[in-house]
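Presented sequentially are two complexes of subunit A, the first with subunit B as partner and the second with subunit C.
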Partner chain A sequence: MHRLAPADRPLALLILALAVIALLVLVGPVLIVLLTSFTTSQALRFPPPGLTLRWYAELFDPVRSAQIHKAAGNSLLVAFCTAVLSTAMATGAALAIARSRAGWARLAEGAFLAPLVLPGIAFGLAALMFFSWLRQPPSFALLVMGHAMIAAPFALRTVGASAAGLDPALLESSASLGASPWRTFRRVVLPLIMPGVASGGFLAFISSLDNVPVSLFLSSAETDMLPIRLWGMMETSLDVRVAAASGVLVAVAFLLLLLMDRAVGLVRRMAG
Partner chain B sequence: MARPLQNSAHMLDRTDTPAALAPAAPAGHRLDMDGIRVRYGQATAVDGVTLSVEPGEILALLGPSGCGKTTLLRTVAGFIRPEAGRVLVDGAPIGHLPPGKRGVGIVFQSYALFPHMSAAENVAYGLEARGRPKAEVIRRVEAALAAVRMEGFAARRPRALSGGQQQRVALARALAIEPAILLLDEPFAALDRALRLDLQLEIKRIQRRFGVTAVLVTHDQDEAMSMADRMAVMRGGRVEQVDAPATVYDSPATPFVAGFVGTSNRLHGRVEAREGADYRVRLDVGASVILASPRGFAVGERVLLCARPEHLALRDATAETPESWPARLRISLPLGPALVHDVEAGATELKLHEARHGQPPAPGPVRVALLPTARPALFPAGDDA
Partner chain C sequence: MTEQGAWRLALPLALAQAAFFLAPLLLLAATSFATDENLGSLSLAAWADVLGDAFHLQAVLNTLRLGAVTVLATLLLAVPLALLHLVAGPGLRRLILLAAILPLLTSVVVRTFAWIVILGREGVINSALLSTGAIAAPIPLLQTEHGLVLALTQIEMPLMLLPLIAALRRIDPALLDASSALGASLARTLRKVVLPMALPGLLAGCTLVFASASTAFISQSVIGGGRLAYLPMLVWQQAMVVFNWPLAAALALTLMGSVLTVAAALSMLGRRAAHA
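== the complex of A and B ==
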């Protein structure tokens, strides 16, 4: 590492201080929730008077937490379907956009990315009104569609980055060797953009898993979603299982992230 | 397809190939480009090009960037649909066929090897896409890699290969599908100069062995000279000259060709008199020379003389003759057995190329003479662009 000139030291200290603050703000709450989830008290309180695994045991109890389990199952299923649907849509869109220099491509990219800046609550409300105008009752399929709209931009970003690095000569080469467009996609394009597709799917999965605003409007009694259920529990009882569930979610997300990094890193090596 | 060579283990084995693959012509296929015109928006990239490539021949498309050579190649490959004109293989139009059904193999400038596949998988790709039986694919991949002497690298990914090795794999991949026409798009541009000549020889050797008709796109005149049987010099979407490389060099059709292929000293002058089949030309640098030309000129017409460096010779400053002119030698560079002189005659800069005898001469006043045996090209001055 190269040494800083003495004059640069105040700046370096400032940057270090900002980094520490950012880390505290990001990681601090997570640590607080994790600690709280081990509390011996009957309600959410920090700092915990003592530590126990009791709330995790209760959370995993199939009878006492049946509704949480159902909501979690729904959430996972919706997240999975959302990841598949939004990644498929985003892959098609990203490939078309990457290949075209036309103005409509830029426009389409903007439209696809719009949900990123659109307030989720506004989109949720709009989706609910739109679907009821079409006389569609809330359903699992509509919920997935709503989530996929919100999640697609993440996948579009990651797949787009991979697709931009794709040498057009590879596609021409494949075509001239006699491959059909579908074969070219399956044998050349997809393997090469796989890192982007995989990380896009991962981001879409996570964004669906903790989505509140869209679920708020589009879920029903049958499709009770985990974040909504946890919010309901918080409001009514300050149930410590909410903290335990948060702890589980944080752990799952962290594990998935590690897994994805390994997998995508692996895919990237295989691709190169 | 290609000439069957029984004696070579390196040849792709085609003794048991289906009838569809059997040689249709004994020595390769004929390629015709007939009145091809391609336009990008307002700009005309290829402007009515008609060219023929004889069976088994290498034709080089030579020209500066933007001359339309790559566009023409891509039109033959089927990536570009021309606004007008036809592409024919053995007299049959192929314009309606997609790239994969044209019987055209391409080596791209970037090689375009699939980075996630091994060398063998790359070569197998076209055969698998064509639905060949597995055993045949394996055998042909081995044969194609052997033909480019890459059999030891079958399992390597492109990234683990050098530029020259990647190019050989790309060539093997293009040849494995037994194309009627082989298209080479600046195949040496990404390689070190030192490596180029070896690979040029090698590709030419393989092309000869396969008897495949080839089109080489290049902006490098040396490459076109060494590789091509004939070269088409292009400018602004048009072909200025198609001839054997030596003919293009010795008898350029236009001042542009004279300047683009080889070095050319441009001397302006006026036709003084006609003497039989020859013209007496008064050069602006102050000399009077007698020249033969296949073109007709009127007495008094302004002309442009394009003299090769070896057409000119240095003379002693005191040896005044009508056919030499005064100049100043700026520097002489000994290049092995040759000398390159950098000379200025007024505002005109000249390059001379002579055999070296002893030490290079010192800079100073000299005279430059046109060698009596030289046949420099003579153009109407209006051709000067």
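== the complex of A and C ==
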């Protein structure tokens, strides 16, 4: 590939040009949002006429942005509970699948991953109908349950990859040395699959934090979620605070990505 | 944790999915065949309204076309970038991966908002075109299908890029050198060596992008606007504004059926290609 024949150069150049455009298209919008969040303008003008921290000050103002803060708090709470619940369930399922050579294990894995391809908006509506049929008013518990259904497959995929690498001989020797199943899990299994569990929990957390289709149907005024609130702000008025909120979310995502990559090699895990 | 007892560990997830995923979907299906949300009596009215109404059928077509065009656009950009990743050094490889993963971790609301800034009247594209004199007045880009496809191309590209990179990773670079040393042109190497290896990732990416673009409620409503009818928006309106739950259910199932049909077709294509 390093010594290109002259006849191959046009195609190689075309591929390179498209690849560069792809990189710009991927990263450009993120940079544009960051720059816009510092604008002195009331409108979403680009390039910004001047730079200021005014919109961040407004965003962090506890009185004027009280509703945004409440929605952000709700979203973080639901995301934390969703991550714990879905990762715990996914870890159990991943270990069961990894330990079994039976045909049902592959079938079960397919069923467990099904929520990944089903449109979230169909499930969100279904969940609303189901809970209203059970006469359950909107609550955090229902939101967590709904989010966990969508988040569990993300966790299962990463934990599953770790669990598949477990050596059965290790578990057998632990058992034959008299360790109880729980002790084997805590002292042998969990340390070995911990990077997968941590990555899975992180992806489940992000999946819940960004969830729109389920929150769209299950959240209420009391349980307002951040993405839904930001969507409302985008639809009704062009509030520049959305740019500042986006800036905060991008910064948090970037820091978390670097942290998780250092801790468990997240980047490598996400690219197979 | 004996091997026989291990299946019990899968019980919590299995039970939760049965109770909170499968049961709601069954109720959704039942509601689409009912006269009202209390499942009063059996009726085909909602389905007649979806399948016999020109506006709803147009929305189905719009939704499928949006998914298909977005798949083609992401292919055009993601394939070259995945190829660059294949031959790049470790530094550039890491940069490409970060560029693919970072958007995935930022909320879809944020990514959609970025495109309001880019496509707006005073946005990036209009400012650039006005300052170069290419246009005399701002051109409308928001609330158009072109604008929406452009935005979705960026929003969905990571879903194409990551499976592609994962598939291409299994190619031994020595194989490419061997192919060119044996006199194969670059185009031939790509077709005969790279494409067969990339195919599973390519099809996985197409499935994910199609499913995600055709159901991208926020992007469709904010960038597409009210004039373009797509199924997710209609589902939401019927459920939360009009409160016609049987129709909302029938529309949601139509969306689900469309996405699953395309996913099944792509996976069949993959199996056939694997045997060929």
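Heads up, the rule we're going with is that the second predicted complex is superposed on the first by the 248 of 272 C-alpha atoms of A that agree within 3 Å, B and C clash if a C-alpha of one lies under 4 Å from a C-alpha of the other, contacts with A are read in each partner's own complex, and residues count from 1 in each chain.
Here is the rule we go by: contacts are C-beta pairs under 8 Å (C-beta built on N, C-alpha and C of every residue); 3 or more make two chains touch, one makes a residue touch a chain.
What you see is a predicted model, and the numbers here were worked out from it, not measured in a lab.
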Partners on subunit A (subunit B, subunit C) - clash or fit: fit
Contacts of A:V242 with subunit B and subunit C, given as first, second, both or neither: second
First (subunit B), second (subunit C), both or neither touched by A:A93: second
Degrees between the directions from subunit A toward subunit B and toward subunit C, using C-alpha centres, nearest 10: 100
Which superposed partner A:A221 touches (first subunit B, second subunit C, both, neither): neither
Subunit B versus subunit C as contact partner of A:I15, first or second or both or neither: second
Touched partner set for A:D210, first subunit B, second subunit C, both or neither: second
Contacts of A:V63 with subunit B and subunit C, given as first, second, both or neither: neither
Touching partner for A:L170 - first (subunit B), second (subunit C), both, neither: first
First (subunit B), second (subunit C), both or neither touched by A:A148: second
If touched residues of subunit A are counted for subunit B and for subunit C, the larger one: C
Nearest-approach distance, in Å, of subunit C Cα atoms to those of subunit B in the combined model: 8
Contact residues of subunit A, present in both the subunit B and the subunit C interface: 175, 270-272
Interfacial residue positions of subunit A with respect to subunit B in the complex: 167, 169-170, 172-180, 183, 187-188, 191-192, 270-272
Of all residues in subunit B, those that touch subunit A in their complex: 77-79, 98-102, 104-106, 108-110, 112, 114-116, 125-126, 129-130, 157, 159, 173, 177
Subunit A partner contacts - residues on subunit C that touch it in the complex: 1-3, 5-14, 16-17, 20-21, 23-25, 27-28, 31, 37, 76-81, 83-84, 87, 94-118, 120, 122-124, 127, 153-154, 157-158, 162-163, 165-167, 169, 173, 176-177, 180, 185-187, 207, 211, 214-215, 217-218, 221-222, 232, 235-236, 239-240, 245, 248-249, 252-253, 255-256, 259-260, 263
Partner subunit C, residues of subunit A touching it in the complex: 1-5, 7-8, 11-12, 14-19, 21-23, 25-30, 32-33, 36, 43-47, 88-90, 92-93, 95-97, 99-100, 104, 108, 111-112, 115, 117-123, 125-130, 132-133, 145-146, 148-149, 152, 156, 171, 175, 181, 184-185, 189, 206, 209-210, 212-213, 216-217, 226-227, 230-231, 234-235, 238, 242-243, 246, 249-250, 253-254, 256-257, 266-267, 270-272
